[in-house]
């Protein structure tokens, strides 16, 4: 298919492109920018007047719920949600059922995803067998099967010796390890941030030190093993501070934040709104401001959706019994734009957080529009407002704290590998 | 955020929490309870207010005392009372909380008195009923997790007002496991709403939430300091599960530092009253001589508790 | 607001006292319905010959309009400083209209015990009965429009006064 996208403002953060110019796509790749290739005849011309043309979004964490949790969501629904949200590449965590600790499962998942011709799926393999935190997985085999990194998802490794060995092994082969900094004992049983809201509502609390203590441990282990460490879902003011200092001291690591933590804090729980039950928990105002500043100054490398579809039944329970998680693939773009507007951050820098920078951390050729790059493109209207509700969401997970909220930023066209996979 | 307990006309339609309940509503409940106290002294202790109404006591957490007082209160209002002790067995059958509610609504329930181990369960039920347009069904929170126990808070306020008249000059000290106490949270909100100038909590750090001061209380780790000059001393129940874990070493050590003895009580005002939500752990929170002594108003609390619950249920059912 | 045609309350009370003095049982107990009937019962207790102990009754918990109107804002405590079993009672109220307050009061009294008899004394009878209830003694008969209420007030000096208000309160 030969695709021509004209009149749009092309923003490619990685290559510093930001101008109204035509984009030409052929044979699944970016063919040219500005001037058409020789003998060009488009099979389809898209008029992107008033729209932004940017690299397809790269989401560093989106749960697809297959295999094992098909009552919550399926690949079909979630892949549709991804491209409806302009996400063309996503990394999915290993906490499926069974967990992604065997090459066969990884291959099956990749195969299933490929056959749907939607977004590219990059599985993150389990760091330990069964995610149990005891024995390390066959990272070599898993890597060959397509895992781009290894993680524990939300499961813990309480035994620091196991953690050390896992990082040493990964470092031997240069595998990336993505870990959530959360001390299992300090966060045990907790469902909300240890602050005024949890006190008033009588909810078991997770103190900020659960994150900072875990960060300190991980910094030390990264220093001594040389592992490529990525810290997932930072949530505290002090956590951002520590990462800033660690980076300054020369430690090579990256980190991310979930998009809802840039907007919400614990007061949004209101009267026990279970759609605000997420892990890590929504923290205080001060934490939220620090996270926003951290993304703006680059301390936090990228923003992800942390997409976790949850079925209605699992949310219609008392807060502490409800399942944690929020849907987010389709909200990543508009919520990033909202942050950028409020923080007075330019579009190229904001879009970098969800395109080129996650692509770099994932280690994939994506998130940019150089000639010969895979043609994964997102065309969106930054001024189109839409209401987040059960009908407008393509994901099977309707569980979002933003239900009923009006957001600006509607994806009009999504191109994956040169094919138009979504238009609205 | 809009409080789900008041309807559009500002009337109390559920009693879920004392937090955010306007002072005039609290006072009205306390005033309405007064005639119910005298009803209890007649031979015929019933009034016909809730005749024909079905009150379901839904206790997901065991409590004979609280359930009994609600049952007595509802029966004295001439309501039909049905007791459901759900406990563990129902959840193991897989029926969700809201499914249970829907089934009971189909049996023409008018009021749910709910005790649950999870904070927020009564709020969830109230929201569910509202979404289903069942606004004539009222929910009374009989204790949810460590969140609130509003009827206990109200009967504590009633007791204090009965003996001390005006909140505005009082020093009230609460002693014990504040961290896990729904009774403490309810009482703190009630007292601060009614203008109590000095509310103190006395406990070791392990039994205090980190942000407790944000509720408007003064924190004391030393019981002698905390009791000095107090008009009201409220002893909170220490649940035995807390013992021996990492929170407290033993009952004996707790009693030594935080148990109410006659000696420590002498530091409070000479006419101080001693309260306890019950059931008491004698020798752990409170010494028998104090529990049975002249300062103790623990038994009147029980009587007032029935009257306050009658007041709450009749105000709700009439909304 | 005062409507023309409303009699002077103190005058009507005197008339009522006159009528009752002759006939009322020497051992009768007076029970006034809050709040107007309570003031009247006190005055009657003082003005009638002989000893007539006075009690007060609040009928809020026995009203038949609870389902539609809920509990009134102010509920007072019924205070009967005597045992009514086997006694002759005189219920006292300020305005007899539909008869529903009196019905509620009778039901409530029976929850205190079984009196030998109950008679009714009212300051004003305005007709409009919805139940088969009649007063034994009436101070004065007054007619007002259905959309008006007749209200008895007591001044700081203790003087009673009658006035009319738009109906809306739960007055029966």
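Chains here go by letter, A, B and C, matching the order in which they are written, and residues are numbered from 1 within each.
Basically, a residue touches a chain if its C-beta (ideal position, glycine included) is under 8 Å from a C-beta of that chain, and two chains touch if they have at least 3 such contacts.
Note that the structure is a prediction, hence the values are computed from the model and not measured.
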| item | value |
| --- | --- |
| Chain contact graph, described as a line, ring, star, complete graph or other shape | line |
| Chain closest to the middle [Cα centroid of all protein chains] | B |
| A-B or B-C - the one linked by more C-beta pairs in contact | A-B |
| CA centroid of chain A to CA centroid of chain C, Å | 75 |
| Cα-centroid distance, chain B relative to chain C, in whole angstrom | 39 |
| Chain A and chain B: spacing of chain centres that average the CA atoms, whole Å | 44 |
| Contact footprint of chain B on chain A as seen in their complex | 194-196, 198-203, 205, 207, 270-272, 274, 313, 316-321 |
| Contacting residues of chain B [partner chain C, same complex] | 11, 28, 31-32, 34-35, 37-39, 42-44, 46-49, 314-315, 318-319 |
| Sites on chain C touched by chain B in the complex | 58, 60-62, 66-67, 69-71, 73-79, 107-108, 111-113 |
| Contact footprint of chain A on chain B as seen in their complex | 1, 3-4, 19, 96-98, 116, 118-121, 123-124, 127-128, 144-148, 182, 185, 209-212, 214-215 |
